[in-house]
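Shared between the two complexes below is chain A, which has chain B as its partner in the first and chain C in the second.
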Partner chain A sequence: MSTRTLSFGGRSSGWIWYGYVTLVALFLMIPLVSLVIASFYDGRFFSIVDYQFTLGWYNAALSSGSIRRAFTNTLFISVPVTVLSTIIGTAAALAYTRYEFPYRESFKLIALLPIFFPLILLGLGMSMWASQIGLGYGLVPSIIGELVWISPIVMFVVSITALGIDPNTEEAARDLGADTLTLYRRVLFPLVADGVVSGAIFAFVLSWNNYYIVSYLSGPQSTITTWIHGRMTQGFTPVVPAVASLIFYVSILLVVGAIVIEYRKDDTGE
Partner chain B sequence: MLQSTNLRAEYGALVAVNDVDIRIETGEFATIVGPSGCGKTTLLRMLAGHQAPTDGRIELDGVDITDAEPQNRPTSLVFQSWALFPHMTVRENIEFPMRNSGLEVGDRVEELLRQVRLDPEIHADKQATELSGGQKQRVALARSLAYEPDILLLDEPLASLDYVLRKRLQRELADLNEELGMTFIYVTHSLESALLMSDKLFVLENGNIIQTGSPEDIYRAPNTKFIAEFMGDANTFELDGATERDGSYEVHAAPFDQTTTVPYEDGRDTPAYLVVRYDDTAVGTELTADLGLTVAVENVLVRGNTVLVECKQPGDDDEYVAEMPVDAFRATGIEKGDTAYLQWNASKSILVPE
Partner chain C sequence: MSTLQRLRTRLGRSGASEGGVVELLAPPWILLVPMSLLLLVMFVGPMVAIVVFSFQTGNSIVATPLEWSIATYEEVVGGVISGEGVYGDVLVNTVAVSATTTALTLIVSYPAAYALARRIKRYKLVFLMLLIIPLFTSVNIRVFGWALFLVQNGVLDSIVGLFGIEEYASLMYQRSTIILGTTYVYLPFMLFPIYLSMLSIEDATIEAAEDLGASSYTLFRRILLPLSKPGIVIGSLFVFVLSLGANVEAEILGGGSIFTIASNIQYSFGYSQNWPLGSTQAVGLLLITVVSGIVILRTIDLREIAERGD
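After this line comes the complex of A and B, so read on.
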């Protein structure tokens, strides 16, 4: 990926530019950073003046049964959602980008629609349906609900990679004697693999952080996000920043992983 | 022998290929030539099996292959974009068709690379994306040859290469066709490729084959004004009189004073145009050739060792061009703005029907 970037002119305008970027970055990061700082703060009410470090809240969080259960529940949702939405989204992306069929553009619009729908309404709608069709509430309905929202996002991410492949690639493979299995196994899948990995990471992070859909569909099962929300309505406790930071660490780890994959690809000259 | 009968392709109301009959002998280098949008690529895609014909038949050595899938027919297409697999090395690209059809790999990759003039030591283990345009073209060719097709189809694979490289690869393709005895079908809008490489030409216009023959035959006796102009830069005069006389025609056109007699093949429609190629035309201060007209020299363009002399008749918008050797033009002493005779010998005139 060799993209040419504009460089920002003279020395003084350069400083203004970097200063601006730093301020924006700070503005975006402060809530997250303060959360992390608070999670290590030894005391009930956070104060920056008289800071004392402790790992106690993490200890409390990890030893609490209800928090551990919330983590396990979240994993029970996120892992299947990641696998299934990656399969569904990749298939849809390949269909949209690599095949001609009637109403192809309408297919894309309808498939991507859930992304742009307010999550709080999507969750509400799903919740109404879940009781109507007797699906009920719990982990499985949460998985199904998240799939509706996350699969289109995977489709979107994989489509970006798939659109970059020479449109003659499949025909060339067929022409050289490849059957459908060979075409997918040796040509198409390797070419979209990077997009699929990115899509899967997206899927996991979005599912891991999801609140609205699970809040409507998880019923008696609490996930980390619903646990945090529930805990906060009962009043603040410093365990909350620790739990929230734990979610954040997992997400940031995956994002860093995605960046590493991207950089490694650049190094191999692709 | 590859034969198509009434081959037809329609996109809704548009007829891209209109009941085309072609016949290509084994080992021939056939070129389908025509301007953009004439249906040549559609025709090629139907031969390769990437597009189902609306109607008609394709037969290879008597076997009907009209409905055979691309992976099941002994043709291989070299794409305009080459379509190399970017995640594979050169070697893996070339091995791909061999593995698909269960051919022995052995030293074939090295052999094929040498055949397309690439050094296996240097290039075999490069990533496909690391190659230059000309190298990609060669690897795409080697990959198609590795499939051992009976017919190699080429969709303007040289179009995006620079002039010198294109010239060289044209020669190499012609040599390869001879060396392998494999049938080559080449599609192009470029006249120079068509003339240089082919045994047989099919000229396509609006989905119809309007002339078939050797490049020389078509160059000498184009069927229509369109082909005459397409086959080479030429001046065209609309005839205002044509009388048959013993297999020839006595013709006259408004811009020149004389009448002239030009041989004309029997069985064609009455000639409607007289065509003379730029390089058969000259300018001079005196009328020394058989036919000529008075013109004003509008512009003189030097093109390497020849000049293009652009002329017009006063009060007329039609532009005529003479292409002459630089020295011959200098010797006339004619300059831009002068009045001169645009002239040519009668034997260089070509008559074409409407």
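After this line comes the complex of A and C, so read on.
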């Protein structure tokens, strides 16, 4: 790829662009950094000059029964959502990208539409619907609800990988005598594997962080995000930043992992 | 595009040769079933529920579609038109928040997207990660982080205190605080579509323009701007629609004193337990969302994104 650049303000002023993007990145980091700073702070009135470090809030968070239950509930939702949305999204992506069928474009349109919905709209529609069809509220309805938003995102991610595969691949495999099962097991799945893995990681992180949908569907069960929200609106304790930070640490590790996988693919592929 | 068509006809032929009922148990049909079932049961159903409930009366929590009424529509639409009562305020707040958010995210994102796509080569992955990470953090947590930053005796207080500034107006619980929150939360939804459209501009195009003597301004107006337009359209619709649904931002940063459509819907459902009234407002949101979503999806070319390799 050629790397000749535009010459706004000449070549020497490239640092301006670095500076600007750094500012935007800093802006995006403000609340997350504030959160982490607050989670280690032991004192009433916050002060940078006189910072009192403590791990006490993390200890308190990890030893509280209600917080641990909320973590368990969140995992009980996130793990099935990850597995199921990866299967559903990958299947739909393969159908859309590697086959021709009637109403193919309409299928894509409807399947990807939930991505663009404000979650409050999905959540409250699902909440009314769950009461009408007798699905009720709890962990299982939350799983089904999150699937509606997350499966299309997996489909989007896997589709982009699957569209990058040479269109002649299937024909070549068939010509060499591969049946459908062999075609999938030996050819298609290995080729989309990286997309599926990053799709699955994104699915887990999005489910792990989801608030709107579970807040409408989890009923009496509290998840970690609804617990935080409850504490934010009524009865703040310094444990809240610690709990929120814990969620953030898990997310950041997984997202960085997913990006590294994507990046490795770009390096070796092409 | 032509390779795609060739692929389709080829696959069409090989699919047809298998034939019969078995075909329905083979790809692509079997692959389409899970997604279709899921969306039918838990996406189409809930949206129908919103529409049906919007035509119900009183505080009904069981839908009786045959006994419908437009009472809630009269209340909401009448309130919006006359501008009186809560709906006038809700309309003004909602439009102010969403339009300002869209404009601000566009102004902030455009130069950043340009820089990322065309100027930044070193540490690009690090920058991309820093911009993506907030997207995968609960909106709750990010808004909470802002509250910790802005609140009295918070992080900002402590920082400005270093410069000897002790007294300044509280930054919390205002409309501008909500806008700060929504601008923050939805910035990546503007930045990445523009970034992708900038990536697709051929270097040769820009070189040619430069060789023909185009100034920086002409280059921007005649080349960059028109070619990045799809990204601007997608990003703007995305940010506008998503910020219409911004409830947590209004609740936490607005302190429950400023009502937008999202917080008013939430209020109708939660506090006053009036499903039909909440649904009627949600129908308005639903219409805007569906139209924008379709426009976005028709503008996005997945194949093009795949070819850019980012």
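As a working rule, the second predicted complex is superposed on the first by the 245 of 270 C-alpha atoms of A that agree within 3 Å, B and C clash if a C-alpha of one lies under 4 Å from a C-alpha of the other, contacts with A are read in each partner's own complex, and residues count from 1 in each chain.
Everything that follows uses one rule, which is that a contact is a pair of C-beta atoms (placed from the backbone, for glycine too) under 8 Å apart; a residue touches a chain by one contact, two chains touch by 3 or more.
All figures in this text were calculated on a predicted structure; none of them were measured in a lab.
Participant: Figure out whether A:R174 sits in contact with chain B (first) or chain C (second), or with both, or with neither.
Facilitator: both
Participant: Which partner chains sit in contact with A:Y263 here, chain B, chain C, both or neither? Use first/second/both/neither.
Facilitator: In the superposition, A:Y263 contacts chain C only.
Participant: When the two structures are overlaid on chain A, which partner does A:T182 contact: first (chain B), second (chain C), both, or neither?
Facilitator: first
Participant: Is A:I77 touching anything from chain B or chain C once the two structures are fitted on A? First, second, both or neither.
Facilitator: Neither partner.
Participant: May I ask you to decide whether A:Y20 touches chain B, chain C, both, or neither, giving the answer as first, second, both or neither?
Facilitator: In the superposition, A:Y20 contacts chain C only.
Participant: Looking at A:M29 after the superposition, I want to know if it touches chain B, chain C, both of them or none. Which is it: first, second, both, neither?
Facilitator: second
Participant: In the superposed arrangement, does chain B or chain C reach more residues of chain A?
Facilitator: C
Participant: Is A:A111 touching the first partner chain B, the second partner chain C, both, or neither of them?
Facilitator: A:A111 contacts chain C only, not chain B.
Participant: Looking at A:V239 after the superposition, I want to know if it touches chain B, chain C, both of them or none. Which is it: first, second, both, neither?
Facilitator: Neither chain B nor chain C is touched by A:V239.
Participant: Looking at chain A, which of its residues have contacts with both chain B and chain C?
Facilitator: Residues 167-168, 171, 174, 269-270 of chain A touch both chain B and chain C.
Participant: Given the complex with chain A, which residues does chain B contribute to the contact?
Facilitator: 48-50, 69-71, 75-77, 79, 81, 83-87, 96-97, 100-101, 127, 129-130, 143-144, 146-147
Participant: Please output the residues of chain A touching chain C within their complex, sorted ascending.
Facilitator: Residues of chain A touching chain C: 1-9, 14, 17-18, 20-22, 24-25, 27-35, 37-38, 44-49, 87-89, 91-92, 94-95, 97-101, 107-122, 124-129, 131-133, 144-145, 147-148, 151-152, 155-156, 159-161, 163-164, 167-168, 170-171, 174, 180, 202, 205-206, 209-212, 225, 228-229, 232-233, 240-241, 244, 247-248, 251-252, 254-256, 259, 263, 266, 269-270.
Participant: Okay, in this complex, where on chain A does chain B touch?
Facilitator: 166-169, 171-179, 182, 186-187, 190-191, 269-270
Participant: Quick one: in the complex, what on chain C touches chain A?
Facilitator: Those in contact with chain A are residues 3-4, 6-12, 14-15, 26-32, 34-36, 38-39, 41-43, 45-50, 53, 61-63, 108-109, 111-112, 114-116, 118-121, 125, 127-134, 136-149, 153-155, 157-159, 161-162, 184, 187-188, 191, 203-204, 206-207, 210, 216, 219-220, 238, 241-242, 244-248, 251-252, 262, 265-266, 269, 275, 278-279, 282, 285-286, 289-290, 292-294, 296-298, 302-303, 305-307, 309-310.
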